[in-house]
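In what comes next, chain A is part of two complexes: it sits with chain B in the first one and with chain C in the second one.
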Partner chain A sequence: MTETKTASTIARQRVDDLAARHGEAGWLKEARLSDWELYLKCPMPTPRDQDWHGTDLSALDLSAFTAVDFQPVEPKSPPEHPFVARTLRHFSRRAGVIVQAVGRPGYIELDAGLAARGVILCDLSTALREHGDRLRPYLAVPAKPDLNKFGLMARALFNCGLFLFVPPGVEIDLPILSMALTGGATAGSAIFPRLIVLAGDNSKVSLIHASAGEGAGRSGGGESAPVLHSGLVEIQAGAGARVSFLDLYQFGSNVVSVNRSEAAVAQDAEFTSLTVALGGGTTKSDIATYLQAPGAASWVSGLVLGSGHEHFNFNTIEEHNAPDTRSDINFRVALGDSSASVYQGIIRVARVAQRTNAYQQNRNLLLGGQSKADSIPKLEILADDVKCSHGATVGPVDRDQIFYLMSRGLTESEAEELIVLGFFKTVLESYPVAEAVDWVLESASQKLFRKPSGQTPAI
Partner chain B sequence: MPNFNFPAAAGWQAKIVPGGRRLPNETMSQTKPILAIKNLHVSVEDKEILKGVSLTINAGEVHALMGRTGSGKSTLSYTLMGHPRYKVTAGQILYKGEDLTAMPADARARAGIYLAFQYPVAIPGVSVSNFLRAAVKARRGTELTIKEFRKELREQMNRLEMKDDFLSRYINDGFSGGEKKRLEILQMSLLKPELAVLDETDSGLDIDALKTVAGGINAMTGPDLSVLLITHYQRILNYITPQFVHVMQEGRIVLSGGSELAHELEARGYDWVTQEPAATTDAAVAQALAP
Partner chain C sequence: MAAELTKPADIRSIGADYKYGFRDEEKYAFKSGRGLTPEIVAKISQMKGEPEWMLKFRLKALETFLKKPMPRWGNSELLDAIDFQNIYYYIKPSEKQGKNWDEVPEGIKKTFDRLGIPEAERKFLAGVTAQYESEVVYHSIREDLEKQGVIFLDMDSGLREHEEIVREHFGKVIPPADNKFAALNSAVWSGGSFVWVPPGVKVEIPLQAYFRINAENMGQFERTLIIAEPGSYVHYIEGCTAPIYSSDSLHSAVVELIAKKGAHIRYTTIQNWSKNVYNLVTKRAVAHEDAKIEWVDGNLGSKLTMKYPSVYLVGPRAHGEVLSVALAGGEQHQDAGAKMVHAAPDTSSIITSKSISKDGGRATYRGLVKVYKNATNVKSSVRCDALLLDEKSRSDTYPTMEVDEQQVTIEHEATVSRVGEEQLFYLMSRGLTAAEATTLIVNGFFEPFTKELPLEYAVELNRLIQLEMEGSVG
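== the complex of A and B ==
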């Protein structure tokens, strides 16, 4: 079989120029260059690769994308934007906000009391200038061996993002919001955001991050070229810390989004992660959790709502690297129209990780006649005293549930919508930020309401 | 007895059933029937379950439909509500004179038909209060304010002895049998149907719950509500008095009579319907129908 051959070669010059433009420290440029070298060696993924399982981005020429940056953030006023307005209204009680946008100034606010106690919230460029020493131990480390070509590209070329630092012992009860608006990106552009969250020992923090944008190449030619979003998230939960992270994507159908998030969870720390994928032409995300010390625990959940021809490919990776660790995965996918999803859940239990408790559940609701879902659990267990279970279901909405609601006067589509939101809600109810539940459901229902067009709301 | 002038001179039809009994299968009155089922045949997955059911209910009447498990009672109730799995292969269902056959379930509900399910369906993640508001809005065509809605809800819930925490629970999810049946009746009280089909609302209830639920139903009956009360046992008929009792067997109504028929059935069992000579049955029917 012959393949569409694409170059995807990125000149070293691009890395050099980027480092020079930002006046970056030597260690950072070295880190970029070593990832760039790995990038060059790493083959373009094909749909036959295990981790990609049917997701085909092999025709993309990665070298053709032009990186665009977010504009600087200012503590003035949030950009006028329906998504931002709705989100701020919803989380009127919050500890901080950062809004970053392509093509317009961003916004930042942080509770003064928290700032005084050493909490840092800023865009990544500022962080690299002002807090390089804090970042260095996390950025100047080799990439994980399973990071794909897109991730390596993002590590070589990342140009924007966020830094959140919570000192040991500081407990932040209210959520911190981060919004990244990519709607200003034109066809053929690429965005490489990198989020770094360092939660000190016994700290507590909740970060709610939303990436939203149509990215439909409104200006200029090359209408058919997609926008590439390749994001990296790195979270460190210190000993005894309680960290929750909500990652919501709401992209237009012209966005190819390939993401990797990694959380390292230390002794007795609790990490909660919720990924909400509400749209994008192709979305491929790896969500990896490393339970590194005894007592570490993670709850990783995901909600995916597809429509039109959207394609989703999620891998969750739970690594139990120490004894007495717990993980619980709950991934729910609802697919309308001709949308498709692949979910792969990997649980790895190291030989030392005795008394691991790992649970994985994936449920898929097929709403559209042409929709399709695959679910692939993978268990790699080397320890012998382990509790590990998994389950998956794929099927249409229960006709008896639909009939029950219709027998009370709801139309078929109203009934289906309630059932889908309920399907999501049972996952959300264990999320530690109560305000997030309605915000997510509202975002999902906006998409459901627009079902016929298969488009996410204009961002 | 309201609207009861059976047998009317012209409208009475006799039907010969296996066993040679003559059965009244249609009641006529001056008022227009709210429901007229005519020679209804229904199949599920190409298997015929209802084999010619005829039944007429006039406005304000309470009819009991009894019969063994598997005789087709729930099939009739699902068919009346418009479950797509139940295919009408022959006959008619007229609701206020209009043929329902092509009408989807939601339109029937908005038109005033209600089914209390024998086995209410659990819908995890959908709270009772959200659902009730959506249902009330659909049925009445206007949205109540939260305040109005709460007030009405509280009244009805008090009557059914339901606690507030019900509202935040998910529809029928982890509900006991009694809680499910109460929720069915609560919905009925909010949706204010004109025709209610109550499918074994009594089964699975202890005696106190049965009294409460029956009280809830009795509070709603009157000239604006007609009821088809499906039951396996006579027990609920101690609390709700039907004007008519019908017995279903193998997809047909094989016997109809007045409320005494239920007691007779309770005393003698369903076998009596098939085994007893025609004369006894006719006598019972005649007695039941005597003015």
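== the complex of A and C ==
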């Protein structure tokens, strides 16, 4: 395997090797190196940092991780994996699939008609080789100033991921699926996937991305060495485009996942984002949306279901940088056992962004005896002709509702399941891909009661 | 009559009753050098004839202050501009100040004028005929309060006359290490009020105290401690609705409230420092079983205010409320909020915050609701409303909710908007000018606050808002 020649440690040598191995263009190597320098200078976040609020990764020795790659994708057959099988069953009608995995070959398929119309779906290594010119305007730009150490690390070291390009005017009605399986990663390994989605003017596309690492690292030994997943998602929604993105995490408890997604929304474009966090030891994600031109709109929602000692830290950043833009954020968190969640969300309205309409909602349902929820919804408003508001709640499952359902013959746990799924369903209802709703509810239901795959949820 | 309303009798009597002979002398009895050293702290303590434990408390606090870094949140740019070495930490006012009426800024004179304050009182308020700086040289207490056994003294006298009570509670609600400015206050505090209300006593009239800065580059570090014994009630009002003039100054107070079982304390502040004062204040209350604490907090003045009145609800069924309003005009940053810490079951809290930003001002709500494990059946609701009056201004909302217990109901809501065109149109169609209409809407927006104030304060506050609003529209 060629990989063995690449230094796998987190070091400058690896940046050089990555560039050399793929014969990467000079601009890309420069971008990697400048991010690497920033990474070295950037301090390790601490729980006292505002953006991290109580999430503690300071004990991680980043230089001790060993970087791993997804294996190349082939158009043969999807890897045999229960998560893949279940997902494909749900999305029997689809426009394309890409499955990437650590330790086993991946899979790719794309509707031939779409390919003929210029739609590109490929892994990122292939894209860098074949579509470098398309990627350059997005990869050769400096990192956002608020990008944290993990994001800079991923920008310097990314080596796998996905590229989706939809030409102007092309409307894809069926969803495109992407699955990233990290279960093959052994303890102490790190993976840096990067997703780039370019949706041309007046195009339409739905990308459903799932990162799953069930049982990750089981063979790898000690609990002290987690698997690090540090991912980047960059989405460009061109003028008048309609883009929806579903990002589902279902990691094992030994995975530390730190992610940053950024979507730039152009004039009159509509961006819908749904983040579903169903598992992971520590999951920290920043979800940034930039409304860049008049008429841009975004719906950013999230579902978090925690159990065990899982710790989630989600931060939504909504920047209104142009007049007549609107945004709606709805983040719902249900926490069982000793799980914990921090939700932070900021709406920033620039001075020019008059007639902004922004709403932010965060609801937290505490199920378990030791669970904890923090909520920090923030507003920074510099324009005056705006409508901005937010609401946040934290509370237990309503005992009256439980009592009512039990009086109808449900057990207490069934009643609680129904209430939690109902709590999530209100968010899902506005999601434009109908198949995704059932898939997410089933995944959540399985997590709630660890039901065998295939059983339909109660609602 | 307006003049009567603007000025409670207490103030007018200050000059008349003042018996320390300051009219005849030209110098301060003592003015510390600029800057902050252990020698200055020791000198303050010695001047006051304090017991040894207070000197030690001060010196330890000074160490903490010097060690603690400047907070990295809030308005770091303005905070970093404070030059701690260029501040007088202690001035004992025993004489007339060398300033004269002509030096008082036009804006402040005009405000006095518009509030209808008589010439003599204006001079007093502007600090040109009488002043009391670090020492509270005046307080009044009605005879009937004395009969009830209520203690209402300035903090220095409190320490002299009731050392045991002070020693038991001083710095216990807000330890010096709490934050950099609490440490600073603990090292150099002077003045403030000491209030002790005996069990079961309800103090019918609000206790009032006025604090004032007159000397340039003068820090003011008053220290207030209020202890309400079981079943008692007291309402304490600090501040003054007329603007308090000074050149660039630092005001860093520490206020500690203790409400014992079933006691009720209401603490009202109307802050109207002149627009070059840093107002960095730590206010915290402890509410025991069935106790109730209310902070009613209005912020109109200052360059930068950072103030987050808190209630630690440590006994079952304790209740805390913060009602605050802020008006941020040009070059002002009102960074205010509230903290509610629920550490016992069946406790409840309400935070209501209203802010207005105009002429490029910035109003920030920053708050915390914390629920500890086992604090079951907690109810908390937070409501923040912000009005933006023009496109130069800014409004921020930074609430934090930390919940470690399941059986709770926590709610937070915030809105930011501007004065509605429809509201303006309606009022103007009834013959009001745009400015009058806006002022009316702003007054209405602040109404939940003003209705909690004693009448004379409410009247003055409305007038002040009217003054602040002039020229905002059109």
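The working rule: the second predicted complex is superposed on the first by the 432 of 459 C-alpha atoms of A that agree within 3 Å, B and C clash if a C-alpha of one lies under 4 Å from a C-alpha of the other, contacts with A are read in each partner's own complex, and residues count from 1 in each chain.
Just so we're on the same page, a residue touches a chain if its C-beta (ideal position, glycine included) is under 8 Å from a C-beta of that chain, and two chains touch if they have at least 3 such contacts.
Every value quoted in this text rests on a predicted model; they were computed, and no experiment measured them.
Trainee: Report clash or fit for the pair chain B and chain C bound to chain A in the combined superposed model.
Mentor: With chain A aligned, chain B clears chain C, so fit.
Trainee: What's your read, chain B or chain C touching more residues of chain A?
Mentor: Ranking chain B and chain C by residues of chain A touched puts C first.
Trainee: Check whether A:R351 is in contact with chain B, with chain C, with both or with neither, and answer first, second, both or neither.
Mentor: second
Trainee: Please work out whether A:V394 is in contact with chain B alone, chain C alone, both, or neither, and reply first, second, both or neither.
Mentor: Second partner only, chain C.
Trainee: With both complexes overlaid on chain A, does A:S375 touch chain B (first), chain C (second), both or neither?
Mentor: second
Trainee: Touch test for A:T426: chain B only (first), chain C only (second), both, or neither?
Mentor: first
Trainee: Is A:D384 touching the first partner chain B, the second partner chain C, both, or neither of them?
Mentor: Only chain C is touched by A:D384; chain B is not.
Trainee: Quick one: smallest Cα-Cα gap between chain B and chain C in the superposed arrangement, Å?
Mentor: Least C-alpha distance after superposition: 12 Å.
Trainee: Could you list which residues of chain A make contact with chain B in one structure and with chain C in the other?
Mentor: In chain A, no position sits in both the chain B and chain C interfaces.
Trainee: If we count contacts the way the header does, which residues on chain C are in touch with chain A in the complex?
Mentor: 73, 371, 373, 386, 388-418
Trainee: Taking the complex as given, what residues does chain A use to touch chain B?
Mentor: These residues of chain A touch chain B: 398-401, 403-412, 414-415, 418-419, 421-426.
Trainee: Within their complex, state which residues of chain B touch chain A.
Mentor: Residues 81-85, 104-106, 108-110, 114-115, 117, 120-121, 123-126, 130-131, 134-135, 138-139, 170-171, 187, 191.
Trainee: Inside the complex, what are the residues of chain A that reach chain C?
Mentor: Listed in rising order, the residues of chain A that touch chain C are 50, 53, 351, 354, 364, 366-396.
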